[in-house]
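Chain lettering (A, B, C and D) follows the sequence in which the chains are written, and residue indices restart at 1 in each chain.
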Amino acid sequence: MKEITRTPIVILNFKTYLESTGEKALKLAKISEEVANETGVNIAVVPQYTDLLRISNEVKIPVLAQHVDAVDAGGHTGSILLESVKMVGATGTLLNHSEHRMKLANIQKMVKRVADQEMVSVICTNNIETSVAAATLQPNFVAIEPPELIGSGIPVSQAEPEVVEGTVDAIHKINTKIGVLCGAGISTADDMQAALDLGSDGVLLASGIILAEDPKKALYNLVSKI
Amino acid sequence: MKEITRTPIVILNFKTYLESTGEKALKLAKISEEVANETGVNIAVVPQYTDLLRISNEVKIPVLAQHVDAVDAGGHTGSILLESVKMVGATGTLLNHSEHRMKLANIQKMVKRVADQEMVSVICTNNIETSVAAATLQPNFVAIEPPELIGSGIPVSQAEPEVVEGTVDAIHKINTKIGVLCGAGISTADDMQAALDLGSDGVLLASGIILAEDPKKALYNLVSKI
Amino acid sequence: MKEITRTPIVILNFKTYLESTGEKALKLAKISEEVANETGVNIAVVPQYTDLLRISNEVKIPVLAQHVDAVDAGGHTGSILLESVKMVGATGTLLNHSEHRMKLANIQKMVKRVADQEMVSVICTNNIETSVAAATLQPNFVAIEPPELIGSGIPVSQAEPEVVEGTVDAIHKINTKIGVLCGAGISTADDMQAALDLGSDGVLLASGIILAEDPKKALYNLVSKI
Amino acid sequence: MKEITRTPIVILNFKTYLESTGEKALKLAKISEEVANETGVNIAVVPQYTDLLRISNEVKIPVLAQHVDAVDAGGHTGSILLESVKMVGATGTLLNHSEHRMKLANIQKMVKRVADQEMVSVICTNNIETSVAAATLQPNFVAIEPPELIGSGIPVSQAEPEVVEGTVDAIHKINTKIGVLCGAGISTADDMQAALDLGSDGVLLASGIILAEDPKKALYNLVSKI
């Protein structure tokens, strides 16, 4: 928990790419660990549920789940139970990712359940307004990703710096302990630097690294100016 | 694939009970393997996604996923990718469980995707009409569970024998190779026997075994008259 | 009910375009009635819920709802109750439109509820397999719309004639009384003619007429070769 | 808009009861208008979409929609378009009702869209935390309904007075212009009085009036101590 909230942080979302599933997920997690060790930057990985166990057994960097469903233990065939991801080593989870939006009541329920399990919550949001609403629920992090920039290659820190700054300001008025992450279009050292300069505590990213020709090089590059 | 379609079959759904998560899931899978080995009855287990890897590594009985989402590899954070469960050893999956109903178009897409991966599909249904519709999609199994009997302790084979018989008849008119399972309220040897006598190829069950005081004894009892 | 099942039929889906909402919806319904009266072709309109009352009061052609939710009367705030659309004059409803896909169990429930209310059901589907599954539920119509052609301007009757023919054949093996409609990319008299030549009983269309510069002329043109 | 925000207000949700659909919806709306006129209390009605037109034509009290979908005009067959309910006379809408929970991003989008249309938004919530998050989105009203009390006959103002007071305090810290409504288990004059004494601006209720033997008498009784 302590480690996962050390900032600046790079959170690497494996999504459901074949390039980051199974053996390739493990390899990518090991690369992330190497870069974290060599650079001292806090890097967390977010593999699929099926890969959580092996990755958390084999690397020492923080491992998060991509989502958990708003259910308690019981008869919920097919759902993602928070306790199930914790038991295989996840120390936190994304919530409300743009590819898996959640109902307000469910986000609130799960931020609380995650905290009760002494795990870390990262709520993804799409603009300043939803970031503020999310922050009132007291997660550990809010990751803002303007949907028009996701996968665009255009970094939010460059295209909409005022959104990042506005989000940081608004969230810190609610609780200065909530970390703010930038999450769309980030892939280079300059993007990363700009994100931090705007007051954020790190980045949430995926395809810029996962689908890079040389993920390790791309990840090194990303954190090279921190 | 051959093994998983040998009938009669008992498919044990672990749902999201804490009694069948993590270490307890592994223990339950080993118990299932023991009973399968000692009795010669085909028993398959259906743990949560996070437990698939360890269980499929440690037991030799068939291991299924509880659900897969109707997505292809790509940007689908939080979704269950078919390939991800296959890579950790699942040889099949439930689809459309009553606790995770799917859209018709998605069931069709995934039955096809599952077959393309040479895995086994079990579509859960709620009555004769939906069983027939499901059977036209050519899955390996259809598991009928009248919703009013789920968790009731009243076996479908006793409460609504005409539903089981009607389903078997209607499905076999479409394709005699599709297995038909009974799936609600089953827990005793008599329930199991009645299910087979009505023409079904096995049972899909959960709480009757998972939450039993002595799951191993309950499972032995279940298959004792086959 | 008799009128609505007279074929060939043109079913005009108003979707949620502003061009077919409120006063403009009423105008479009009147145009449809005029063309129906002058050409003798059976034309049905499918306005939004809020416009059903006025349109069914002011035109004599069949009026359908775009969707109904799988609920019975009771505490379901915000849902579309079948009885509510019947009371304002709808004599049938689309189900499972590509923009509002439904769960298999819900389609089955609602086809039955619609028939019990002596109304007409039109299940939308995306390929031969789902069309066959839908047909086993015994709706009045199945409307096949290959998703890749929706809004493309390329008529399914031209791009994938084998899909239309295959669907007609497969559905008629189940029940020859189920009407088959073509529903993607249709806008001209030739598209309409081709659809009928392939064995279908009519078309389901939207933007080709709704967004036409002169909807009345477009509708006349559409039915001019029947 | 001015009228609808006059407090204390009673918002009567017709849900999808047959007792409040079609002709019976109109009758209930007229009863509500009579009681409003005779007592001077602001009463708003929330009928189903299909009944909005006739009711808003025939009564002068505020008429709201039960829900609107998070879509813009376009190809969204079966969805509830905000503009469609406005064109038939709705001057506001409920959002996120417990029977129709919405995703956070969609609530935010629609509160903004509703305001842009100069209509009134009422976000329903389930506890203090979600009420605060909802309030940051700047709706006109937040209606808190602890789910365990809905339909219980036990008024929230009596069972959990601290929840109502806590919600009022927390919301007013964000914006004193946001009205706070109580919404679970309210049916008598004492419940109503207690709700106002705890600082709320009115109530949102349904079955206590809709399903009463004599709805007019029940409604009179409800507002008799204001």
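The criterion applied here is as follows: a residue touches a chain if its C-beta (ideal position, glycine included) is under 8 Å from a C-beta of that chain, and two chains touch if they have at least 3 such contacts.
Since the structure is predicted, the reported quantities are computational estimates derived from the model, not experimental observations.
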Shortest path length from chain A to chain C (each step joins two touching chains): 2
Cα-centroid distance, chain A relative to chain B, in whole angstrom: 34
Centre distance in Å when chain B and chain D are each reduced to the mean of their C-alpha atoms: 44
Junction residues of chain C - those touching two or more other chains: none
Touching chain combinations (by label order): A-B, A-D, B-C, C-D
Chain B to chain C touching residues, read off their complex: 96, 101-108, 112, 125-127, 129-130, 132-134, 136-137
Residues of chain C defined as touching chain D within the complex: 13, 15-18, 21-23, 48-54, 66-67, 71, 73-81, 83-85, 87-88, 94, 97-100, 151, 206-207
